[in-house]
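This report concerns only the one structure given below.
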Amino acid sequence: MNHAILLISCRDQKGITAAVTSFIFHNQGNIVHADQHIDEQSNTFFMRIEWALDDFRLKREDIQPAFAVIANTFNMFWKLSFSDQKPRVAIFVSKHLHCLYDLLWRHKTGQLFCDIVLLVSNHPDARKVADDFSIRFSEFIIERHNKAEQEKKQIELLNAEKVDLVILARYHQILTKQFIGHFESQIINIHHSFLPAFAGSNPYLQAYERGVKVIGATSHFVTEELDEGPIIAQDTVVVSHRDSLEDLKRKGEDLEKVVLSRAVRWHLEKKILCYGNKTVVFD
Amino acid sequence: MNHAILLISCRDQKGITAAVTSFIFHNQGNIVHADQHIDEQSNTFFMRIEWALDDFRLKREDIQPAFAVIANTFNMFWKLSFSDQKPRVAIFVSKHLHCLYDLLWRHKTGQLFCDIVLLVSNHPDARKVADDFSIRFSEFIIERHNKAEQEKKQIELLNAEKVDLVILARYHQILTKQFIGHFESQIINIHHSFLPAFAGSNPYLQAYERGVKVIGATSHFVTEELDEGPIIAQDTVVVSHRDSLEDLKRKGEDLEKVVLSRAVRWHLEKKILCYGNKTVVFD
Amino acid sequence: MNHAILLISCRDQKGITAAVTSFIFHNQGNIVHADQHIDEQSNTFFMRIEWALDDFRLKREDIQPAFAVIANTFNMFWKLSFSDQKPRVAIFVSKHLHCLYDLLWRHKTGQLFCDIVLLVSNHPDARKVADDFSIRFSEFIIERHNKAEQEKKQIELLNAEKVDLVILARYHQILTKQFIGHFESQIINIHHSFLPAFAGSNPYLQAYERGVKVIGATSHFVTEELDEGPIIAQDTVVVSHRDSLEDLKRKGEDLEKVVLSRAVRWHLEKKILCYGNKTVVFD
Amino acid sequence: MNHAILLISCRDQKGITAAVTSFIFHNQGNIVHADQHIDEQSNTFFMRIEWALDDFRLKREDIQPAFAVIANTFNMFWKLSFSDQKPRVAIFVSKHLHCLYDLLWRHKTGQLFCDIVLLVSNHPDARKVADDFSIRFSEFIIERHNKAEQEKKQIELLNAEKVDLVILARYHQILTKQFIGHFESQIINIHHSFLPAFAGSNPYLQAYERGVKVIGATSHFVTEELDEGPIIAQDTVVVSHRDSLEDLKRKGEDLEKVVLSRAVRWHLEKKILCYGNKTVVFD
């Protein structure tokens, strides 16, 4: 069954919910999920509403222009999607393949509604996995002198493949502003620490040396500031002096898998709204 | 600022949200919180909606009859409350006073919006605490032969004090059907295990003897079936062979405080809806 | 580097630790890990001690008889192992393959020190996975009339393969006493609930219908009493009314993988001691 | 029953455990707890060993010189304590009194083995609490010009009261090197974030503005570097966009109480060893 999904944000004001839900009701839509949130600090209204299209009186292509009238009244930022649209996904990876494997397994067992069309790496290690899962593999060796050039080719490839979402599943290259600018709010990264602690490289080593009693993982949208984008999901696990650096990595990798796949699933199900440098997640 | 709060449940059908939000909007109400949920198994719709009353065009006493028209259309179960209504609370306790102390401290620091009007116990131990916090203390020694009689007096006292909520903060007496029937959905208990495991008495001892690696606490509404009422809140904490029975109690008591106060706060803020033997918590 | 590992339990009495550590020291052993525990209720002493064998003055085969003298003095239950002995493992599975996949991936990446020599199933679904990982696959269709016969063949096969550990990675058949008796303390199961809650079949459905706010997973040794064996590892995750039965399964499966692999790793690293119906885990 | 407790650290080498446990055994001591740890990076050995003194052949005052012989052989850092020695504790607090209250309640119910001899504050708010629990209260108003002078008086007071441990239970003054130098490894602080994230002031506001999905609390020994001392205990709790800044504070305060009291209890039970900027906690 096909559903329409609206993600809305605007200045909070009277009548928004009434207007949106009346629009759906008067066109015979059946709301299956609705959630809203008001950020009191910034006086911003957020909404996610999803309705079944079976008896809906507007044709799919007529919903956008019809709703635009309401959206303009309230000066909304808004996005209309349909649950049968399968996002096209590219996964970027370096040498740690646990998140990659986990995403592919979840995809295979139906947990992630998308087409994984491309695997990109700066190393050859993931080629075998790509073959096992019948996914196109593209290796881009990145060196200091060729980074801009290689990224340009990557962008072309992603455009050619009509990619909607780039997942950095432990891709150990810092993307340039040029790249990030092409895929705004479309790149999700996993960082192996509870940000903002231990940003940058080697977070497990940093955590080990600091002697923390908890480690974490953070999934976030990628912005120009390294490890500073809006956080989507985080989780932590207890550690002790008994845990070696290797133990931290092992425990942390289990977290990374859960946290990254959670963020990706929420994004694919259109459950995330960004504002400022934060996210609202209607889970 | 005073708010009105509606808790609604009914068979899911088209137009409910539109009708409710339009009612508020057309009367100039400003929605500050709204959440809804559809239970697909039972096809039931749940809603909690809260709006500011400052510019609302209906007088407080006119809201109930005005909304009844809408409620009847959809055959709703519904309850209207106002955020300035302070519930009147009685706490029942036996000899373990940690939850009692915790609730009183939270109340004192403004976390719990209510009047704690009465402390009831089957032991004298809590009298000193009651005095410290200037709360009326009433001791009812319960023995096999006088239980029905004592409960009858308790009911009279609770009625005289116009009590809206009874909190069993480690009250180690099983209430009779007679008592429970007088306060349906108005009694919240803390049970010191993750129910349904270790129902009944001595759950920490049961957990210790079973050798579990996790212990928990459960807050639930009290129904006629012991420890079987709708669960409001639960939490767990990790234990190991290093933990003695005393350690389990100490760790567990920290959980109990958090879990019970969370459930009580949700109830006082009208965030809980019951259905069947479950709860929807719009936190 | 090869290590010797002693697991010891006996009635607590003076001088045990001194005797054991002096034995190692006087033979030039270097202790790399040592942990002990005293269960005060039963007055039982537990110890795990691991030492490097490089300069050890006793030959590998002479350690057992030499230590037996000390062990007899204290009337110890004890087991000597060597860290270079690779246990031989068989995995039993039915139709849910997430735990199987997870174990194979962890094995492949070096987290589990063992040889996985056999995959047994009552369904054909796992054959493809077995082939991908080059593991022998053996299908035993179990029906009411042939259960005893099939189990007999399974026992023969496990014996032929010299299997040290049987992992039930969501194997949905109840093993008979006959089978369990052949592999005492050598069968590890994952149960998809926080035992003792929701023992038996369909624990996610049971949890969903009870309306719990926390779900869990439990790994335990298999004994004749169904879901009653000594618990090795448990963990929980928070759920809410927003989670459908499918969501419980998805969240729960992530837990199962972590909990089962943790228990298996501890067992392979000789970190678990059983007593009564409990475990001491020297993690 | 009185116990002796040894905390030991030294370069790892053969025979340490044998020497220590033989010393105890040959003097007829009964070991009730023993735990050890080897930090492989720094090749450091750590041990905590506790034995009953009832039949011990050495008099209390003779243990120190007798053990010194062994300690010197291995070049140990070591500390001998007795379980009947009650540490003398001072609590410093400013305006947030939840941790103070929690510590006093735990002390009253027997969870913390110490004498709380002094309450110090830079505000008058806690005086009432001090009176309720019959603890000496001392107010030191701190202003820029008088800080050194006031701290000097505080040091004198702490010395006069023979204080062994200073607990900063949300004391919002930065202590000077002078003060910290007088109480090395004797000051435990609670910081209301998961350090190293959100060091410094207003961590809940920092966390709120960063939009994290997890908040935490950290208890650590105070060193000259602000919020950089060895971490003893940490814990985290999940938050979402639904949580206001006030909600973060409420949830965080519950964590703070648990984390601080855990660290204090471990310290009072002589379970903590520091090395470099880390802790070993033999819990």
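Some observations on this one:
Per-chain numbering from 1; labels A, B, C and D assigned in written order.
Quick note on the criterion: contacts are C-beta pairs under 8 Å (C-beta built on N, C-alpha and C of every residue); 3 or more make two chains touch, one makes a residue touch a chain.
Fair warning: this is a prediction, and the values are worked out from it, not measured in the lab.
For chain pairs B-D and A-D, the one joined by more C-beta pairs in contact is A-D.
Seen from the C-alpha centroid of subunit D, the farthest chain centroid is that of A.
We define each chain's centre as the mean of its Cα atoms; on that basis subunit A and subunit D are separated by 41 Å. Taking the mean of the C-alpha atoms as each chain's centre, subunit B and subunit D sit 37 Å apart. In subunit A, the residues that reach two or more other chains under the touch definition are 238, 242. For subunit D in complex with subunit A, the residues that touch the partner chain are 37, 39-40, 194-198, 210-214, 216, 230-236, 238, 240-242, 244, 276-281. By the touch rule above, subunit B contacts subunit D in their complex via residues 98, 101, 105, 109, 111, 132, 242, 250, 254, 258, 283. Those residues of subunit A that touch subunit B in the shared complex are 14-15, 17-19, 21-22, 24-26, 28-36, 38, 238.
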